[in-house]
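What follows is a pair of complexes built around chain A, which joins chain B in one and chain C in the other.
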Partner chain A sequence: MTSMTAPKAAAPTEEQVTPGRPRSVLARRLIPYGYLSPTVLLIAVLMVVPIIMVISYSFRDNVIVQENSVFAGFANYTKVLSDPDFLAALKNTAIFISVSAVAHLVLGLAFALMLNTQLLSGVTKAIFRIVYILPWLFTIAVIAVIWRLLLDPSGVVNYVLHTLGLIEESVNWLGDPGKALWAVTFVNVWSGYPFFMISLLAALQGIPNDLYEAAAVDGTNWFQRFLHVTLPQLRPVIISMAVLDLIWTSQQFALIWMTTGGGPLNTTEMLSTYTYKQAFSEYEFATASAAAVIVLLLTMVLAFFYVRQQRER
Partner chain B sequence: MAVRATRLKRVIGAVTAAAMVAFVAACGSGDAVDTASDGSVTLEFAQWWGAELPAGEFDKIINDFTAQNPNIKIKLLSAPYASTKQQLITGAASKTLPDVVGLDGAWVNDFAKQGAIADLSTLMADANFDASQLASQVQVKGKTYMIPVVNFVYPLFVNKDLLTKAGVAEVPTTRTQFLDAAKKISATGGDAKGWALPLDTAVPNGVQNDVMSWLWASGGSMLADGKPNLTSAQVKSTVEYVKSLNDAGVIAPGSLTMKEQDKVEKFTNGQVGMMIDSLAHINLIKKNKPDLKFEVAALPAEDGYTGKRGIPYASWGIGVSNSTKHKAEAFKFVSYLLGQETNAKLSTIANGFPGNKNAQPDFSNSDPLFKTAFDIYQQGYPANEFVGLPKSEDLMRSFDEQLQLVLTGKTSVDEALAKSQESWSSVIE
Partner chain C sequence: MATTVKTRHTLAKAGVITGLVIGGLFAGLPVLWMLSTSFKGNGEVFQNPPELITRGFSFDAYREILGNGAQLRFFLNSYVVAFVVTILTLLVAVLAGFAFSRFTFPFQKTINAVIVSVQAVPPITLVIPYFGLVVALGLYNTYPGLILTHMVFTLPYAIIMITAYLNTLPRELDESVKVDGGTSWTTLWRILVPISVPGLIAVGVYTFMISWNEYLFALTLTRTDDMRTVPIGIQLLMGQHSYEWNQMMAMSILGSAPVLVLFLLFQRRFIGGLTAGAVKA
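Moving on, here comes the complex of A and B:
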């Protein structure tokens, strides 16, 4: 048996580099940074600088609307954290995001399971898929307008409930301090579940059928297969989606602003609307910045869990 | 080697170019060249007016100006009202305000304090402009910062069909008559209620247009010597009256989160018999419900009041950026818009009332309701005490929140007014 060996190629020297490569070591080292520099510059200008400016504003007083700002230390933070409106907004936001995330998950999973079932025909599933995804196709402004009309005291929702005999008098869904938070949470759930549904459906379709067959051989019923096969397989997606949803929902502004404006009586005030009012109504950009930094820190806690979960995957 | 060097140069060149583009984009165009080589000047004019006028009408007025002043070009920056406000706030903060700006009286104090808008008193003097022809000026500490170009009043709108159905022969002129009419309309059954009160806190101008208007209609004031005077008998009487309307169940439900557009929609659909609203909505209502029979009237006053009635108004105001290099040219444009002929033309197409008191709007092609409203306006006086106050939207919001507590029975009128007084006093120094 004979073998042919190729002549050993000489290692390129500084003078004998591969065509197309610069000869200088320094230049070669700089090239990756050169490619990266536009992105780095954009991130710096569009993200790092504004964040640093906001943090800087939060430690000063009379910012933006006054020519000479002064250093105020933690005074803005103290002011914000001792403001009952901020604490109410914090509580409302916690309720709003946690209920929304749980409902998004439950509804999204339920509809995803329905669309993944073998019991329905392809055409039926396609129709359901279109219907279920509809809320996600509307912009938030349209959603706010539609639901303001539907939830009006003389709107369709009250009409239907009254016709069915479920209510005696019209309910003031968005204008009643006791109901407004739940009404906007419901609207947010309605508008957000399709994203969960689509993501979970994709994850469901990626679960190997072998696992279900093996479980069936072991004599498990549908619920046991769901509990011991489906859920563990979906777990990484569920955790990622839930954490992302908590972050996104905590920043929901347009829906609240366009439906209740934070009212009535601050019962739907969120951290986002509180910050906006501080800045653009009271022109207190320093306290608005402090509130924004607090929101940033809270969100970073969630982001930390998200990144850790992604690393584990 | 030459190829390698060329490629390296290209990479570095591309990176540098991208970095420069990003840097320039990030820095904005605040120092953009606005004087052409032929010496002509381009002025940026940010406003929300163009979007509210019939298509092309505002452009004609601008074109007339540029035809008369070939060395000045006008670049219109048109956006909706809310966007204009936010853009101006951020522009004022970054010292990049357009040369000429459309202003609402509620913003003026804050912009003036910030040094973002120019003192027009000086510009008027420099240009030998006759200020006596102006219907009004918005001042801060004795200096004019905004001139109202067109005014829009807020009279009482009455659904004649609902009034007739309720058995009310005359449009109410006093508070007692209004309450009585509202009760009768609410008693007609169905969804109809006597009055709509928008108290949404996102845009709390319902406090100005729908609540304080009752005070001004009876010659009252929420200020005394420029300071808050919310615990006065007149303000208390106003809030108690609004509460009495609420207690009588004549206010359309959902008022705590109702917006101005909801109010107009409910009136248009015949769900409320009466509302206080801008004249600017007459055409909208006629377009959406051509068969709706309604008329406009002066706001009801306290029983026995015989003095002149204040009528709330909103303005398309105008100001000049303090950072513009072309203040003289900017004021030339301002004085053109306020000139007798142009101002009459502009107020006619806007269906508003002129900022130049010598200008006569032409109502010959307008709905007769505009003429009626003009007569009401001339019999009374324009009243809007929020104009020129600092943080006026915030003042409205804090009052709004206290009023909501009153209407939901969570606090008394006295306590709400005392808290509002305290809150306002911390803002109005």
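Moving on, here comes the complex of A and C:
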């Protein structure tokens, strides 16, 4: 709030212009708010009011489906936080998002480095770039259906692994409680790495070439240049992308809902699917709201780190 | 000396090509398998050994989908919603972007911070109050309900991108209108919008993609099959027809086509805009 009045140096003010049209100072001051009014109205209706609503729901009972809601204090929160299903969802979400983020980063960086090579022609790289971006272009509903087909016990993944001698019998990847979380995480890795790749590729192309030339003069090899030039240069992008990815992946709902539905035995239950079930399967809108507010708070912690990272750059 | 350098160069090239091909298989094979399955009869989907190109090649699955009024309705709904969301988002975002780019005013940074932080708010947190709100406003199971709620995700990104784009346009352009006594409104629509068309297209494509792919609100804020969008239609197909895998794959291909076409047409501009927005915004 303190810095909001600081004007941008380059921005011209309205006062400098419109010499032909005298208007009152007040009317001129209101012009930018006029342009912003549809946005402000939409953000208020779609964001501010709903967040106030969900917080208010979370402290009440009998919300939405019943007429007379009553104040319930922190009862919904204690109910959610002592629910073993919620705690399982919290743990699953933590595993899901952290493994996804690491794998997205490793794959995205590997593919970006290969696409950035000087060794191949532009056309070859352009073709591979489109192939690598493909998974990102499909809606999650489609990705869920593709992988349900591929990971079916009689599907092609089992066939290939069996032929290679890696598995003895067909595995029910999405139905086995010991494997389902890893299976959905793998699918999320497949669908999400391209966004890392695109951003890292852009960042790689922004590294000044003379840094590499200077390092080459010093007699460094490829790996040393990667370690001492590329990685430090990419560091801010990597950190930003990783935090963004944690935020986005923690909000993943459709993939889980359409592949496992949170099962088997809650082993793939996420905060999002837990909250959704509380609301739209159990019609416990008050407990669902408490869970939703907890999800919001956890996201805000991550968002805080993202904003701080952006400021430091 | 020269030969060893050449050998090392060849080795490096071979290594990179091997890596690229392995990566390509990882990224592309699932998509290829989806395409292949959509041309199979349902009896051949899980045949052993699996075949990438089946002997029973047919367009039957596509015929089933395209000849079915209920499935076509999903497409119509998705097109209506995504198209209106795109138009409205561009309109509102151009106005806001203009305000941010060309004016200095109190609360500017605060409003901007709110718009940026909207992107981090979890959809699952919003869907519960939206359900209450949309029912109360009589917008449950309607196009306006979906269109309005989709905009919470399309608008912030569009505003950030359009502001960034307008900031790159020299302010001397604005001056010519003002010298003639024109208002800021004329400046925006006569000068800035016409030359921003390439940027607006990139933002429009991304907006369309987000709305076309949206799942959670489409699932929660509609009830009847005639209001469902493509992502929900795919899920319904999964439940109804006891696993007609070939039809599900055909529906997935048809449902992905608009986004794939838009992406291929605008990919250069699009990737540039996307990375600028994600990394520098």
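Odds and ends about this structure:
One rule holds for everything that comes next: the second predicted complex is superposed on the first by the 290 of 313 C-alpha atoms of A that agree within 3 Å, B and C clash if a C-alpha of one lies under 4 Å from a C-alpha of the other, contacts with A are read in each partner's own complex, and residues count from 1 in each chain.
Following the convention adopted for this analysis, a contact is a pair of C-beta atoms (placed from the backbone, for glycine too) under 8 Å apart; a residue touches a chain by one contact, two chains touch by 3 or more.
Computed from a predicted model, the values in this text were never measured in an experiment.
Following the overlay on chain A, a clash is recorded for the pair chain B and chain C.
When the two complexes are overlaid on their common chain A, residue A:Val156 makes contact with chain C while staying clear of chain B. When the two structures are aligned on the shared chain, A:Leu166 is found in touch with neither chain B nor chain C. Once the two complexes are laid over each other on the shared chain, residue contacts for A:Val295 go to chain C alone; chain B is not touched.
Using the contact criterion defined above for the overlaid structures, shared-chain residue A:Val106 touches neither chain B nor chain C, since it reaches no partner. Touch criterion met: A:Ser281 reaches chain B, while chain C stays clear of it.
Of the two partner chains, chain B is the only one touched by A:Ala27; chain C is not.
Comparing chain B with chain C, the partner in contact with more residues of chain A is C. Of the two partner chains placed by superposition, only chain B is touched by A:Leu174; chain C is not. Once the two complexes are laid over each other on the shared chain, residue contacts for A:Ala214 go to neither chain B nor chain C.
In the superposition on chain A, A:Phe138 makes contact with chain C only, not with chain B.
After superposition on chain A, the stretch of chain C that runs into chain B among 96-104, 186-194, 222-230 or 258-266 is 222-230.
Residue overlap on chain A between its contacts with chain B in one complex and with chain C in the other: 17, 19-21, 31, 35, 38, 42, 45-46, 49, 64, 148, 152, 154, 257-258, 280, 285.
Chain contact summary for the complex, chain B toward chain A: residues 1, 3-5, 7-8, 11-12, 15, 18-19, 22-23, 26, 85-86, 89, 92-93, 110, 113-115, 191, 199-203, 252-259, 262, 271, 391, 393-394, 397, 401, 404-405, 408, 410. Interface residues of chain A facing chain B in the complex, by the touch rule stated above, are 17, 19-23, 27, 31, 34-35, 37-38, 41-42, 45-46, 49, 64-67, 148, 152-154, 170, 172, 174-177, 180, 257-266, 273, 277, 280-283, 285.
The touching residues of chain A, counted against chain C in their complex, run 1, 3-8, 11-14, 17-21, 29, 31-33, 35-36, 38-40, 42-43, 45-47, 49-51, 53-54, 57, 63-64, 110-111, 114-115, 117, 119-120, 124, 128, 130-135, 137-142, 145-150, 152, 154-156, 159, 190, 194-195, 198-199, 201-203, 237, 240-241, 244, 247, 250-251, 253-254, 257-258, 271-272, 275-276, 279-280, 285, 288-289, 292-293, 295-296, 299-300, 302-303, 306-307. Against chain A, the residues of chain C that register as touching in their complex are 9, 12-13, 16-17, 19-20, 23-24, 26-28, 30-31, 33-34, 37, 45-46, 48-50, 91-93, 95-96, 98-99, 102-111, 114-115, 117-118, 120-133, 135, 148-149, 151-152, 155, 159, 171, 174-175, 178-181, 183-184, 212-213, 215-216, 219-220, 230-232, 234-235, 238, 245, 248-249, 252, 255-256, 259-260, 263-264, 267, 271-272, 274-276, 278-279.
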